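A, B, C, D, E and F label the chains in the order they appear, each numbered from 1.
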Amino acid sequence: MIIESQIKVFSGSTGKEFSERVCKDLNLELGKSRTIRFPEGNIYVKADENVRGKDIFLIQSIGLNPNDEFTEILFWIDAFKRASAKSVTLVMPYFSYAKGDKKDEPRVSIRGRVCAECIELAGIDRVVTMDLHSPQIQGFFKKPVDNLSAMPILCEYIKSLRIEDVIVVSPDSGHAKEARRFARYLSVPVAIGDKERSGYEADASIVEIVGNVEGKNAVIVDDFSITGGTLFNISKELKKRGAKKIIACLSHILLNDKGIDRLMDSDIELLISTDTVNNPYVHECEKIKILSVAPFFAETIRRIHKGESVSSLFQEVPIHVLEIED
Amino acid sequence: MIIESQIKVFSGSTGKEFSERVCKDLNLELGKSRTIRFPEGNIYVKADENVRGKDIFLIQSIGLNPNDEFTEILFWIDAFKRASAKSVTLVMPYFSYAKGDKKDEPRVSIRGRVCAECIELAGIDRVVTMDLHSPQIQGFFKKPVDNLSAMPILCEYIKSLRIEDVIVVSPDSGHAKEARRFARYLSVPVAIGDKERSGYEADASIVEIVGNVEGKNAVIVDDFSITGGTLFNISKELKKRGAKKIIACLSHILLNDKGIDRLMDSDIELLISTDTVNNPYVHECEKIKILSVAPFFAETIRRIHKGESVSSLFQEVPIHVLEIED
Amino acid sequence: MIIESQIKVFSGSTGKEFSERVCKDLNLELGKSRTIRFPEGNIYVKADENVRGKDIFLIQSIGLNPNDEFTEILFWIDAFKRASAKSVTLVMPYFSYAKGDKKDEPRVSIRGRVCAECIELAGIDRVVTMDLHSPQIQGFFKKPVDNLSAMPILCEYIKSLRIEDVIVVSPDSGHAKEARRFARYLSVPVAIGDKERSGYEADASIVEIVGNVEGKNAVIVDDFSITGGTLFNISKELKKRGAKKIIACLSHILLNDKGIDRLMDSDIELLISTDTVNNPYVHECEKIKILSVAPFFAETIRRIHKGESVSSLFQEVPIHVLEIED
Amino acid sequence: MIIESQIKVFSGSTGKEFSERVCKDLNLELGKSRTIRFPEGNIYVKADENVRGKDIFLIQSIGLNPNDEFTEILFWIDAFKRASAKSVTLVMPYFSYAKGDKKDEPRVSIRGRVCAECIELAGIDRVVTMDLHSPQIQGFFKKPVDNLSAMPILCEYIKSLRIEDVIVVSPDSGHAKEARRFARYLSVPVAIGDKERSGYEADASIVEIVGNVEGKNAVIVDDFSITGGTLFNISKELKKRGAKKIIACLSHILLNDKGIDRLMDSDIELLISTDTVNNPYVHECEKIKILSVAPFFAETIRRIHKGESVSSLFQEVPIHVLEIED
Amino acid sequence: MIIESQIKVFSGSTGKEFSERVCKDLNLELGKSRTIRFPEGNIYVKADENVRGKDIFLIQSIGLNPNDEFTEILFWIDAFKRASAKSVTLVMPYFSYAKGDKKDEPRVSIRGRVCAECIELAGIDRVVTMDLHSPQIQGFFKKPVDNLSAMPILCEYIKSLRIEDVIVVSPDSGHAKEARRFARYLSVPVAIGDKERSGYEADASIVEIVGNVEGKNAVIVDDFSITGGTLFNISKELKKRGAKKIIACLSHILLNDKGIDRLMDSDIELLISTDTVNNPYVHECEKIKILSVAPFFAETIRRIHKGESVSSLFQEVPIHVLEIED
Amino acid sequence: MIIESQIKVFSGSTGKEFSERVCKDLNLELGKSRTIRFPEGNIYVKADENVRGKDIFLIQSIGLNPNDEFTEILFWIDAFKRASAKSVTLVMPYFSYAKGDKKDEPRVSIRGRVCAECIELAGIDRVVTMDLHSPQIQGFFKKPVDNLSAMPILCEYIKSLRIEDVIVVSPDSGHAKEARRFARYLSVPVAIGDKERSGYEADASIVEIVGNVEGKNAVIVDDFSITGGTLFNISKELKKRGAKKIIACLSHILLNDKGIDRLMDSDIELLISTDTVNNPYVHECEKIKILSVAPFFAETIRRIHKGESVSSLFQEVPIHVLEIED
């Protein structure tokens, strides 16, 4: 289906496992390449296969080491372009700096735009990503962006659990719109938390939950969590207000060791997420269930290659709930 | 305070009245200029005063005739730049196409980015605007954007009404975050509506209100309303759920004749808004109260001119509630 | 001849009829699309067919609603590019702002360049147009411009009228060069008017005609006329100097209602023009004869698609004089 | 009047004499600099005075050695910018490649745009020039262009000759509009020649003169002449049609040795031009009168420096007819 | 001397000590600012003082954490520009990725150009740096680059040691030209090593020394050393060939722990370097002597501010050999 | 092998012979085109064959008339792009202004970067060149550059001469690294000269030769020589130090008449170079041997066309030592 002489998939240095999953689904060999880190900290990238005249797909998230991953992406793109690649598509399952999408204080940077512009300057022709922190990020790019959604796969998994009396809970008003989309997909009501943050690094405390959660099984949805603070607090409040079972759904799994501890201590029974970020902590934690979105990315690459609509992807393709073998 | 030989304020063809208010506050003459519309529809702009080496402030919203106003802005900027202006600041109290901030459907344009880019290409050095539809729009520009907020002036006016038992109501989850800011400013709770839209032009119907509004005086906050549909529907639902007095607060007043009719028919007692858009319908309607934000824009221009912080504007400057003489 | 899977023709919201004529000639379906105008004046464009990897031809003049049409073109281009079109060719039979091609006064904009730059920024790969107001406009674009000429079709129609003793008349010295081209094509002499304009909106008055027109059948040639003032005046002068039959030839038909009235009152017996602009007034007027240039545009699209020379178009293709069915 | 610590005038390698005239008028020292031509043909430019933070005016025409002069200009601009000049204004009295302003044949370059873009890329902030081949060239630049006119000084000189019964003659229809401006300034009629060119290098032959020149003193106006062919031919035709005295007026004097010979052989009694181009042949020829435009350029630099209007230059400043000492 | 209201110096998160030294010399307060690293790895920068209308100098090397430092620089520049700084000068004493200045293998990136372009895109107006890996790097930037030289200060220190029979040694042919400059400054001869590298990470082995070093005191000069391998090997070879005292001179001190160990084990008696990189290892090692170049950077900032020549810096300013207090 | 309908090779006005050699090797007709030089010095380029949709290869060095050749290249690229070529590859065997690769003095231009940027602005998609003056020049371009090496062909020719006891000599430290590459290819030692230049135009005098050349056959390698001064001087020094046979190897042959004379007077027995520059003097001189690199460029074009690796060119293709028929 894919014409191998026209296409080549490469992986950045983090997330080789995800790239292998995508390539396996595409029935393609992952391109040979090297990322070297010199003793003084510089990185150096080199593709070990001819790319002249080919459509290159570079798979690399900007995830848990965002500065290294961002810089590496720039070098890869430049290397492919200078080697006369026909086109370079950046497949970036998670884009961490998308969080920096506005000037919420004076004299700060809009980091998502800075990264987007540099990536475009380096020479990409297209971006494929998933669940950007806000949909406006697409407008930080001038090149086409295919922003996939993890919602169907997450929702289908929840459906497969056959839980009754579900209510979708957004931890704050900022994520309320996205929570509405989950609730509609699952045909259930929605509740919205109200959190307050006292400083840059402090955890937000939940001051209110708008909507009645009593006797409901709550599905908290958010795009990511790092230290687990919000999840911990909202689940405590949900319990206090009479919620029964509590499940959390995250598009991207960034939990660090502290976050894992908090999750274990919390009233959350199950956390469902995806493999967009290569997080070493998730394997240690039985409360976490990772669903692979690699087949979605593979199908997207296939459609880009064949000039088919990507927007129709979720309507047409049967959704298989996939699980990573531990 | 302002060195007149260094600065010149011009107005586009719509909103001369707003520009005059700003200039009066600055104690400056509005620059002489002409916008001619030829019989075939083309527009032609001409500044009738020397601009060489001066800092130009062009005041023009992209409001009720967005395509004409957008195109005129481009021509103005080009005219000033080709006439060797030192800098051009676009003072755009309302930016209508900011609503087009994402690709919510396949094969559509991100219109806010398109307009932002063209405006920058034409040659601006800075933008001053108010209550952008989403804060991410700032990131569609590469040049500095001072995004003022109408919230303090709107809230101070509400406070001056001395109403008790207020609850701030966001008509939908998309505006929930902003409604929270109003609620915090007023130290009152918040409720969030849930609306559903069945097509491009159809009014959204309110399906739910999350939060208890019974016996409360509701202040609906939104950035704009055109046909008044959402305002009408949410106020009906609020009444149904036992709300008492209903007030609406809009940053930008875009109501057309149909919207005015709906407003008159609705349970809303008072609608408070600003003069960022030159709307001919507002003078006919006794339910509408317009507060002038021209002094805010004037103070911002003054601070830009003097190299003072604009972000500290709301902390330092006493807020006067201003009313347009009818 | 055209490989349908590679090419897709869309029309902007004005001039669908012209686009249909082009598509009929190409034996292609016009692409499904929508342009929605919201109640507050914003426009919104959406392509309803997949464009990924295809060569898109967007047909839209900047004609009688130049600001709407210009803005709509920008949004269309952005929409196609963000939807991963392979290339976008703007087919713009008439480009109204090309008239703004110089700084004839201090502190004005060169509007043709502003529009050209924004159109390129939005992402076009090529422009196809007809009889630009001045040939230098091509240099305002960096992308390739195919500037077709209506002259052959207009001249062939005049030839078909079998009039003797023809003299080509340019209404002013600015159009003298183009009039010479018509005169050469028809192998007849040329006369040149000399007009004077006293203000922006005033009609120009003809003060002199250089060249002897006595006893001749005059063919006035110009690129466009709006209010018919120049046509009216020059034809009066021609009659005064002894001209017999008077015919006018315009590349683009912009006459408004006042212009139609003037034409009816004038000594002009026949006005020949093309369908590059969708002008609702022309159907009411029996003095006007519209020749369709849609087949020329269709043939140009065909040649672009096949990588054939467009410059050789007029030498190789037999010219059929086409008439729009009223 | 000029603050010397803020401004610095440099000259390219050709036309140092013109630059000295400008500096003398400005009462400024010409900046020390070197242009070295290495034996293999490369040129190397070096400013020998500090330019950091200064407004630089670089005086150099693209004249009789256009490729060398164009390349040298690029290197100068880059050198000034890399040395942290505050701004660089290119004072280019003649811009030879402006002649390449359209695609008059398939598969040729629009050379004026290419040069304009490269000059802007190199880093200029403004251009001052004179009598561009067509006014649209201004639109090839994005930066401000002050396009001075030699017409007043040429016309004033003609007036000072106190000739009666003058008619202005344009050698062809392309220059007809400009000839009209001369005729209006002198309050005399106009005639227009009609020439035909059979190949790239062949002289054009005059086939017709539209307008009655019998018994008149003809003033032929053109922007330049190289081989004198057109001047020779039109003056012969003018004589044949009964013209009396014949004078020629050229904005830029490019005549080569063959052109000088033709001029001497022709019926032209006097040729008036300016010193925008450093032409070594003009000193040998008693029929040629050169008027210096250096004071106009000096006044323009003075106004740019002081932020005064340049467009008002000709209304306000008394015109002195200046002659170069031979 | 410096007008404080016009200028503001900020420091990135690494090398605050160096920035303090510069500010002390300038008699200016270092600007208040914060760099926050969030738990998931993202960094966030914020200036805590008004920068509107000011000339900003940001001091930050791309040194031992190059990806973090590079990314942080981009965010700082964006933050300053969006906060309406008048200009941003990047003072980058060391630019680690300058080493990536060519495509020495197929399919690699020219990393120095990538970083330079992104830094310019983010919005800098000027760069001040020291001893770029190759002088061509200046050409990777389009904005002005002041590339200071550590040579005078290093050479003056060597002179102050009053050693006789010195020979300057370049470890390889790539640095031969620079070694020649040292040798000329010191009026001594030069010798050149010849090294061979077998892989990316392997140390180079010295295979030859061209030039006679017997009985000489050798001063090895290089721009940097990381693991000390080359220094160790060349000093061994020098000893073998009869050299007496061995001193090493490095522009930038990147030695890691392994490098320090090698230095201690080697025949090198003294290593002289500068404080362009904040290297925690240098304080532990008595063989290393760090000379501060902060006063040079301070003087450069002073001259930029006053519009004085920077190139004349070393001729005019007396060179004080400075030492960091341990 | 090459699909003729997709590719077209054109030649600039200098070096048609080289282009013919390339085309012969490719079995393609050289594209029909004209470069006209008008009497006033302007050049005008025109392609006489359709280029629409084709991959264009333009062959032209920037050699002995660098300003003319550079300007002509810009016009060619623009002409091809405006004529809708699919891509334009500039095949520039010699790039003279690459010598201007750094700011070695204050207030000079980095001419290589200026030329590279203008060439990219004009619209190229790729550059193929040979032995750039420094490898960093590749980084002055953003588009892919294939920088071929003449070393293998030059070395193979030297091998074919079967000389013993060879030593490779670099005339100065700046070329030492490249000389090492030759020495490694030939498995022989290296010596390095040390030259001093007293002014811009003066010849450098050799002050030292590092390394023992006694009794050796010296092969001087350099990238070019113009006046032969360095070659003359180093060969004299080599003889003085006991060298036997002396051969010189230059990548590009720029020797002018003076250079030829010096060569004839020198101790150099044979000078080997390539045909990258069309030098009229070389045919007169029996000491010079020109090897054609046209087949290398042809093979490179073939590989670009087929999407094969160019970097592997020298490993895979058997090297034929080619000689130009005199």
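The rule we apply is simple: contacts are C-beta pairs under 8 Å (C-beta built on N, C-alpha and C of every residue); 3 or more make two chains touch, one makes a residue touch a chain.
Remember, it's a predicted structure, so these values are computed and weren't measured experimentally.
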Can we say the copies chain C and chain F touch using the same residue numbers, with more than half in common, or are the two sides different? different
In whole angstrom, the CA-centroid distance of chain B from chain F equals 62
In whole angstrom, how far does the Cα centroid of chain E sit from the Cα centroid of chain F? 34
Of all residues in chain B, the ones touching two or more other chains: 50, 82-83, 103, 105-107, 110, 113, 117, 138, 145, 309-310, 312
All pairs of touching chains? A-B, A-C, A-E, A-F, B-C, B-D, B-E, C-D, C-F, D-E, D-F, E-F
Within their complex, state which residues of chain F touch chain A. 126, 138, 144-145, 303-304, 306-310, 312
Which residues of chain B touch chain D once you look at their complex with the stated criterion? 50, 52-54, 81-84
Interfacial residue positions of chain E with respect to chain A in the complex: 36, 38-48, 50-51, 63-68, 70-72, 74-76, 78-80, 82-83, 96-97, 99-100, 103, 105-111, 113-114, 117-118, 121-122, 200-201, 224, 226-227, 254, 256, 258
Please name which positions on chain A make contact with chain B in the complex. 101-107, 110, 112-113, 117, 134-140, 142, 145, 147, 170, 172-174, 176-177, 179-180, 189-192, 194, 208, 210-211, 309, 311-312
